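In the two complexes below, chain A is the common chain; its partner is chain B in one and chain C in the other.
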Partner chain A sequence: MGAVTMWVVGIIVLPLLAFAVSVLFLGVSRKVTARIQRRYGPPLYQPVIDVVKLLAQQENVSHGVVFDAGVVLALGGSIATVLFIPVGGLHPLATGGDLLVVLYLMLLAPLGLALAAGAAENPNASIGVSRKLILALGYEVPFLLALLAVMVHSETTSLAEIARSQQASVLGWGLFRVPLSALAVCLVLPAMLGLRPFDMATAPQEIASGPLVEFGGKYLALAALQGALHSYIVIALFVDVFLGGGANVLTFLAKVFAVFLAGLLVNAVYPRVRIDQALRFCWKWPALLALLGLVVVMVAGR
Partner chain B sequence: MQIAILLAIVLLAPLAVYLAGRLRSGARNALAVLVAMVPVVWLALLYGRTAQVDYYRLPFLDLTLSLRLNALGWFFAMAVAAIGLLSILFSVGYMKGKERLNFYYAAMLLVNGSMLGIVLSGDLISLYVFWEIMSWSTYLVISYRGGRAVAAGLKYMVMSIVGSCAMLLAIVSLLVRCGTLEIEALAGAMQGASPGYALFILLMFVIGFGIKNAILPLHTWLPDAHSEAVSPFSAVLSGILVRMGMYGFILIMYGVLGLGLLRRLGSGVVSFGYIFAWIGALTIVIPTFTALLQDDSKRLLAWHGIGQGGYMIVGIAVATPLGIAGGIFHTLNHCIYIALLFLVAGAIEHRTNGERDLNQLGGLAKRMPITFVGGLAGICGLIGVPLTNGFVSKWLIYKTLIAEGYPFLAFAALMGTWGTILSVYKFQHNIFLGQLPERYKHVKEVPFVMQLPILLLTAAILVFGIFPGIPLGAISAIQRSFGLEALQVGAFSVPREVGELNTIIILAAVAGGCLIPYVLFRLCRRSRSLPQTDTYGAGSYAPADRYQYSARFYGRAYEVIEPYVRDRVDAFYCWLVEKSEGGFEAVRHIYTGNVNTYALYILLCLAAVILAGLGWGL
Partner chain C sequence: MDRAQIPKILKSPGNWGRKYSLWAVYFCTGCGIIEIPPVITSRWDAERFGVIPMATPRQGNLFMITGYVSLKTLGAIIRTYDQMLDPKYVVGFGSCPVNGGMYWDSYNTIKNLDKYIPVDGWISGCMPRPEAIFIAVTHLWTLIDKGLADGYKRYKDNYEFYSQNQRRVLPHLPKFAGEYEAEALTA
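What follows is the complex of A and B.
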């Protein structure tokens, strides 16, 4: 009975927690960025007001079925992904999928967004999608190499196992056991989160927010929630794989928050680079570090 | 006996269809569909049965030619029959009004019949004969369109002949050594063979089957042949005909040599399995990134056909129960989604006057919704998005590579997937999304007879993605029939000790996840519909039909990738052909075609022989 209760609690709590944290992220990011730029900034709950206002908007415009379905799939895919990522001890769908499944479930959201973006004839949307995909091709090289190092090191592909195996002490964290891989992922983390200097896919001043350009009203609300959830998913994955997961939900969230703050600081001070510069960067230093990390793990494992 | 009758029917069908076409074209189409349906139904009824039947005795070699049905043969035969039927069905709409249709249908059916012959052969002579029939009839269909297609067909033919020669060498050698060519008997006779001899046999077959399966560096015929063939045949070609190579690999590696002998071929990193797996890994990465640079819709898919073949090779080369199951399953999955994508590309060609250039198309999703859905399912399968069939087979392959300690092979496989994502999204986006050119404003959806194969294949992608246990059950039977350890799976999950994968949980999560935004979406006010052209331009509007903004979709990435993926292999072969043509020209000075010169040669030769004989005598 206890197991079943835990399972049900997990299924319900995980998405709620993810929503709460990611909306908080949005508020914090505006506030922190404002403070760095010596502005006062909006209140922390401003994103809640924004989303509610967008959802309640009198007029919504659509470009057809693909446009509607794409947005729903984007947010739905993100919620589904959240269920497969362990948070502290909560991991209801541990038997349903491992790290490989999570990696591929993470494709559903961008796929949905890209389909919705393509439903209208807007060059900005297409350019944004193209940039997002090129950037992903860039950061996936170091990211996959680093994850492979972790999976080989801990001899499992199960995310729950990987998180659990790091909880003995701080020195058991992936950050210290596979330091080169962790460093490589740190370098590409801004790209994965779409933060500056790698925010070219949604560059507001340049291509009018790229894939989001046609969204308004409820579409923009759902897309904004999806974007926030995406940040949460990437950071949660990073914490589970490299920062020891969490003994309980609170320590887990504290780590997630710390990583997010670090990302914000980078975002606030860097200018945007071009997409080809980003691709070359990702394939150069982070990839080299990750490759080295994997070689070290292989040699040490022998 | 049943399989002999079945094979007789499918091999006589081309003639019947050709003759029917002389009478009436409607009768020909109906008959073609009907005879393509026969093997599908018949084979479905034969599921799980095994049979062996001798049909001829070669008196001079003292050999019996036989047909047999086993788990592996059934699996491939079913795929051949199903793809054959769907492509014939699609042809009925696609080929309407084209010329030389009697020839076309007869050749298509002959290709299908010969492939069934290959997978139902019980001995290597039959296999070789059917293999040659397949090669020649394929040439006929590839070059059907004339022009560039003839050159593509010739390239295919030359490479096929090289492969056949290698195969024939191995077959003759086996006959001399073992005295039999029956596959069952060979498996027993080869158990005592030395690793060196086994390696020789294996290499010859790898060349023979590898050319068909387009492994690096034997792949160069494929992009030309696939893009120049008519689309329904491209589906057969890439979906299943190329995979006859996979059938051959599995048959020789596990049906004849066996796992025990394979394990003795070298050790560690210089073993056959490891090197073969690396060939597979290179076959994944290089062609996939080449596909990324293609602008021709069918050429792009053709390069993916090569690249996905790499996954299958890696799977069967690693030789774990998981890897073999993954490799065979991926063969089936690839057959489904690549056939679907070629049919989609064909449907687009059909409605846009043969347009294949991805830089000229766009925005067709609303005009051709069924084709759009088919394309979407196809690319998701090809990428391996969860809940499509490609995901499960790729998962099995990734998992086995990581578990067996081959992270670099796993990296090649995972990176191949990322190259795939980029290039097939370009396929989908540049055809169906974004701006609709003025000249395609009135394009209509393809007729039902062309929609039907697209819908059936789409359904297959989802069904096998959600219930992978159905095909994996047939695959475990193959593994058991070769005496290998079988991968035991439930309807939608792998066993706990293998890993964590349960498609029904994933389905529930995605469905539940989508329900939340859907409810939110419906609770909000309904949206007003806008035309595709009514967009926000941030003050600078794109004038309609003045430029194509999806051209060179990943332009900046091409600049980075392009220098690394030039096809030097093809250039090398072309250089070889050029040089050998020079050599043949030189030979022509001797073979003048003049009878007097030949008479002179004969005389000189006789004189030399006599002189030599005299010298010997002394």
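What follows is the complex of A and C.
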């Protein structure tokens, strides 16, 4: 009975926790960026004001059933992914699904946004989606190679198992056991989060915020929440695989926050690169490092 | 946050959001836009007030007409305004949208913007200083609080008046789908 209660509580608490943390991250990101640019910045709860305003908008322009369904699919896919990522000791579904399930579920959100953007029939949205997909083609190669090295090294595909096996000491972290793979994922992390220098998919000044160009009102609110949740998912996955997860929820969230802050500093000072430069970079250095890491792990394991 | 505000926020969260999250449409009509970069960057940081520039009209709810409005720009302004979602607020920036300013007798600018789209507030001056934008924003807050910033409602109620004025200077302005259908039915 106790186990079942814990399971149900975990399923309810995890998405709420993820929402709270990711909205807080949005606020922190705006404040930290402002301080780096020597501005005072908005209050920490500014994203809450923004989302409340968008949800309270009196007029919402929809572009058909696919547009509505796409936004819901994106947000639902993100919430489903959150349930499969172990947060400290909390992992209600992580025993049922493994790293491969997470990788597949993570594709639902971009798919939903691409469907909605396509239904909006705005040329800027199409350009944004095509850039996003090309960028995904770039970072998926090193990312999957690095995760393959991790799975080979720990001889399991269970995310909870991988996180637990690193908790003996700091030197047991994936960062030190598979350093080349960790470095490769570090290099593509800004691309996965959509931060500068890889934010060409949603470039507001070039293509009017890309896939989100026709989003307004409650649709934009859901898309903004989904974007925040996506950053949380990617960083949580990185922490679970390479930074030893967390002994409890608090240490886990502290690590997630540290990685997020590092990404933010990169985001605040770099300019945007072109999509072809991004693809060339992703397929050159991170992919080579990840491939080398995989070879080292396979040879050392033999 | 002021603690005395909390009951007011709980009473009407939508109003709270509309007040402190004004997303401005990135639209430059005339020379007044030169005052906007210092306002949104480090020197005068508009993000303190919740004002940030948005790339598309669908996402914005504050429309600043910065400077003189030529006839060609007026068409783009009307189209942009129609694409914005309710509630939306329009602020005329500088003398030219108020009464024509130094382009008073020009052959291709309009003199009073309020005849073509409803304007909620004016910032006069040529040029107004960046601080004037913040005075306008705080003034807009009180207008929103009192329910006086109702330009979007006036536009719907008096659409005939605005539409006639728009068509008089811009005969080739694209018509709405509804009017096309009405014409097809009568023909």
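Note that in this section the second predicted complex is superposed on the first by the 301 of 302 C-alpha atoms of A that agree within 3 Å, B and C clash if a C-alpha of one lies under 4 Å from a C-alpha of the other, contacts with A are read in each partner's own complex, and residues count from 1 in each chain.
Note that contacts are C-beta pairs under 8 Å (C-beta built on N, C-alpha and C of every residue); 3 or more make two chains touch, one makes a residue touch a chain.
Keep in mind it's a predicted model, so treat the numbers as computed, not measured.
In the superposition on chain A, A:L195 makes contact with neither chain B nor chain C.
In the overlay built on the shared chain, the residue A:V239 is in contact with neither chain B nor chain C. In the superposed pair of complexes, A:I134 makes contact with chain B only, with no contact to chain C. In the superposition on chain A, A:A114 contacts chain B only, with no contact to chain C. Contacts of A:A34 after superposition on the shared chain: chain C is touched, whereas chain B is not. Of the two partner chains placed around the shared chain by superposition, chain B and chain C are both touched by A:V61. In the superposition on chain A, A:S158 contacts chain B only, with no contact to chain C.
The wider contact with chain A, measured as residues touched, comes from B rather than the other of chain B and chain C. Applying the stated contact rule after C-alpha superposition, one finds that A:I275 touches chain B and leaves chain C untouched.
When the two structures are aligned on the shared chain, A:G76 is found in touch with chain B, with no touch to chain C.
Under the contact criterion defined above, the residues of chain A that touch both chain B in one complex and chain C in the other are 55-61, 208, 213-214, 217. Those residues of chain C that touch chain A in the complex are listed here as 1, 13-14, 16-18, 20-21, 23, 41-42, 45, 47-48, 50, 54-56, 58-59, 61, 85-87.
Across the interface of their complex, chain B is touched by residues 15, 55-64, 66, 68, 71-73, 75-84, 93-98, 100-101, 104-105, 107-108, 111, 114-115, 118-124, 126-127, 129-130, 133-134, 136-137, 140-141, 144-145, 148-149, 151-152, 157-158, 208, 213-214, 217-219, 222, 274-276, 279-280, 283, 294, 297-298, 301 of chain A.
Those residues of chain A that touch chain C in the complex are listed here as 30, 34, 37-43, 45-46, 49-61, 204-205, 208-209, 212-217, 220. In the complex of the two chains, the chain B residues touching chain A come out as 363, 365-366, 372, 376, 380, 383-386, 391, 395, 398-399, 402-403, 405, 407-408, 410-411, 414-415, 418-419, 421-422, 425, 429, 432-436, 493, 496, 499-502, 505-506, 509-510, 512-518, 520-521, 524-538, 542, 549-550, 553-554, 556-557, 559-560.
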